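Chain IDs A, B, C and D follow the sequence of writing; residue 1 opens each chain.
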Amino acid sequence: MESNALSIDFAGLNLPNPTMLASGIMGYSAESFHRIAKSGAGAVVTKSVGSQPRTGYANPTVVQAESGIINAMGLPNPGIDVFTEEIKFSKTILRVPIIVSVFGYSAEDYAAVAKKAADAGADAVELNVSCPHVKQTGAEIGQSPKLLAEIVQQVKAAINKPLIVKLSPNVTDITVLAQAAVEAGADALTAVNTLRAIAIDAETQMPILANKKGGLSGACMKPVALRCVYDIADQYEVPIIGCGGVSNWRDAVEFLLAGASAVQIGTAVADDIEVFQSITKGVENYLRKKNARSVKDIVGLAHRK
Amino acid sequence: MLDLPTANNQLRTTQLVQVRTESPTVKTFMFTDRLCSKAKPGQFLMLWIPGIDEIPLSIMDTSNGVISVTVKAVGDATRHLHNLAPGATVGVRGPFGNSFTESRGRVLLVGGGTGTAPLLFLAKQLASKTDRLSFVEGAKTASELLFVKEVGGICQEKNIITTTEDGTAGLQCLVTQPLASLLDKEKFDMIYVCGPEIMVKRIFELTEARKLPIEASLERLMRCGIGLCGSCVIGKYRVCRDGPVFNAAQLREMKDELGISKIGFDGSRIPF
Amino acid sequence: MESNALSIDFAGLNLPNPTMLASGIMGYSAESFHRIAKSGAGAVVTKSVGSQPRTGYANPTVVQAESGIINAMGLPNPGIDVFTEEIKFSKTILRVPIIVSVFGYSAEDYAAVAKKAADAGADAVELNVSCPHVKQTGAEIGQSPKLLAEIVQQVKAAINKPLIVKLSPNVTDITVLAQAAVEAGADALTAVNTLRAIAIDAETQMPILANKKGGLSGACMKPVALRCVYDIADQYEVPIIGCGGVSNWRDAVEFLLAGASAVQIGTAVADDIEVFQSITKGVENYLRKKNARSVKDIVGLAHRK
Amino acid sequence: MLDLPTANNQLRTTQLVQVRTESPTVKTFMFTDRLCSKAKPGQFLMLWIPGIDEIPLSIMDTSNGVISVTVKAVGDATRHLHNLAPGATVGVRGPFGNSFTESRGRVLLVGGGTGTAPLLFLAKQLASKTDRLSFVEGAKTASELLFVKEVGGICQEKNIITTTEDGTAGLQCLVTQPLASLLDKEKFDMIYVCGPEIMVKRIFELTEARKLPIEASLERLMRCGIGLCGSCVIGKYRVCRDGPVFNAAQLREMKDELGISKIGFDGSRIPF
């Protein structure tokens, strides 16, 4: 499992393989991270944590779509102060990196949470910028290059751990946001968060999710997520984590070829928690078949002329 | 093999066909649903009360393709549900989760409150397959003892013990009390438990001390119901996906949390 | 079939039912439109036509995705001058409105093509603004409110037929584009065109489509398209045609509830050309069950508080 | 019922396992593909030559799960394909389209050029089921007559007619020429045709004059292959989805276009 071909150095993190648990999936407890790591994940990302506890939205928070799901959890989280304990405990039992996903309502807020996470032992911090921004309700921080750059700068100044920015696909041109994040100091990017979506029930004639709108994830969004990674890699030499609809080794390889150095897996965990293992095995076979000595040998190959 | 959870996750709307009052605080709601009609005892569904909430409920019966859930009014969602009449529209996802294993030989079922519901479903399935079926049921007061008649129709009277806290029916004690001596006196090949977590914990202590096999159904806060969101985690397990039924080995692994703490709406651990 | 409950007045067009053939599907010939109309469509939209003939991209132009397809045809079309004959012939055999989809490389170009289409007898014109703009290659016209408004104004001035603007979902905020279109004079909106996507083949390590990137359509995109309609209807009182992933009556009803007055159907035609008929029947049954006397009684109901 | 086209539309890559030269301009390419191995005579697939093009090809054989397509080098894609050797990777979508109906009795097959390929597939299927199987095949010159040996193995020699334009084998004439008298002389329960559209048109005129049943496979520009893009439309039909095999009634409906015009790459009608 810890074969050399599969292990990667990602923005300074050492991963035994290029699969990671995506943020928000079983992301609250050390025991869950431990189990996910045992299921083969090369790293885990926590549920997004803010400065204060949030209970999230009422149910329904999840609705099934064609080849995917739509969720609107409302960022339930215990707040960074409580979560600090979970990070510390996780560090004592995990052998793979733990990346703490943070969100905030201002650059200061982001920086404060990120610093606490880093101080507690987070191996890296991932910024979730797909939450609505207070001053401009409804619009995501991740949709404004200016706001994004401001936040990245402040967080970068507050921590000395790798800083990963998770981009939103709900933008006109994702490369503009990627550029803003990289120039502001991001060490890596995760592409992407969920697609804004809605589910309406014909019988009751109402939106199903308590929050009405939510984020679409799963296999159905893979072609869009893959395009986001491809677009960014086409223009920038930044390490990228592909995310969106990965559920088997072939998906993972597609993201690597598009220019990602690693992949995150979320929705596919519902049907199979061992998905990390099976993807890693599949990628390993693939590398062997292609005579590639390392994952990084295939990163971005789809961009060859 | 069970269906993949996402295969049963499509929300269906259906109409209540019947509502039956079981006790002053408990009602049974009946509706048709193709997917849930294949559910096994122990599995649960997510019931959407449109505009209000969506909550996990154990499946109590599936006979003739009619799905029954037995619900206690404890808060906003369950109270709204109690106000619904036949014809009202509800939404259903599921069935989700694992189910009780099918034991043979001498079997004991221990139910507290609405925890009796899935055990009644199980009892019906096991009735013809076991050598002896014993049922221990507890409630606060006589009027809250659920399915007394139904259980009486399945188990022999001598194999039924009921307890109430106020002594209005059966023994005046907690359901756990008569259990210790019962377990010492009789041999059981399997003990199935469903009820408040403190009760489950006590009974697990009793079975552990005697090295008896047990399967207990747990309840945790549920949102997705399909093993993603992490709301229902206990130890390394997701109650919605790896449970809700857990065996002795698994319960042992979660003893730091069982009856002690759970994950609250904000993801923090809250004590019971 | 031409029951009153189903017929709609859409931006001045009389449709026997609220289903339409989407642009680019079997969209070249009068005989095809005739067949689609016989299969129950309430209106047909032609393939997008420009001022000059275009042969489009090489194959592969279509690739299957999970619950959808990705296409990059490259707007093959015979040019408006040749297509004028097809419009005229269509008018002699069609009993439902024919909407001519047009594209261009400048406002003048759009206006010229639209005028020729209208003069040839098009009952309405739909602007396809999801094609890259010459001066700013790569970005879509439909992603710039300013460009869009300019084009809509000029086209509006050139024709006196209903003008429908088909919006792109590949934008940060579709309501901004909707507003630009409406304020510039659009009589109605179609929401939406395809999602930008890519498919990469693991074996050959290359993008599959000859054009590399393409547009994702089909069931997988429905939750996103539905959200676009919902967002627009939440803010503007403009007639909307829902488009994206409609394949059965339930989908159609969801779009109506979200605020669309009609729906377009594209990808679902592959598996069943009779889809218009079955959707219309399903909607009819639904209206009866809900005691609604007309399609318009249910438009936008999902927005009730 | 045939599969829905989108069910077979996923692109699979596979390796060429064998390449056989059939004539100076024609090669047969063999590869394995699970979905296509269930194809029926008349169906086609879309073959991706990575980095070059994707083209429609009739399926010529599926025996032992090995798919064969027989391809004439006529342009860029087919020439690139001709340069590929076993081991080369190609992509496959399909099978798509309808297939020839399975007739009994006395059957005639008329093939021109690579149009012989799907008819050979059909002949193998019909061999044991028909009373008599006749084959008429035409080509420019002897070396371009395809599958002479294979057809000889299926049909009796007296039931085979070959023609070449230069007289290097068989009759010196177009394949349509011996047909008129054959159709007058013998009775056929079904006539299957595949070849250049002008040939199809001529033969259709012959069968129409004699009120004979016919099924002809047509070729049109194809892009999507699943009935969406409209590239392959003839009259009200999509060759990829409603065809490629059409019967007499359908051919009658498209007589304004058959052998007269087709839709070109830019969607305009171009004369033959």
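As a convention for this text, a contact is a pair of C-beta atoms (placed from the backbone, for glycine too) under 8 Å apart; a residue touches a chain by one contact, two chains touch by 3 or more.
All figures in this text were calculated on a predicted structure; none of them were measured in a lab.
The minimal number of chain-to-chain contact steps leading from chain A to chain C is 1.
For the pair chain C and chain D, the distance between C-alpha centroids works out to 36 Å. Separating the centre of chain B from that of chain D, both taken as means of CA atoms, is a distance of 63 Å.
Averaging C-alpha coordinates per chain places the centre of chain A 50 Å away from that of chain D. In chain D, no residue reaches two or more other chains under the touch definition. Of all residues in chain A, those that touch two or more other chains are 199, 206.
Taken chain by chain, the contacts run in an open path, each chain touching the next and the two ends left apart. The chain pairs satisfying the stated touch condition come to A-B, A-C, C-D. Every residue of chain C that touches chain D in the complex is listed here, in rising order: 24-29, 31-32, 34-35, 47, 53-56, 58-64, 69, 71, 73, 76-79, 82-83, 199, 201, 203-204, 206, 208, 210, 266-267, 269-273.
Per the touch definition, chain C reaches chain A in the complex via residues 65-68, 70, 139, 143, 170-173, 195-200, 202, 205-207, 212-213, 216, 219-224, 226-227, 230, 245, 250, 253-254, 257-258, 286, 298, 301-302, 304. Taken together, the chain B residues at the contact with chain A in this complex read 4-6, 9-11, 13, 46, 48, 50-51, 53-55, 89, 91, 93, 223-231, 233, 235-236, 238, 241, 263-268.
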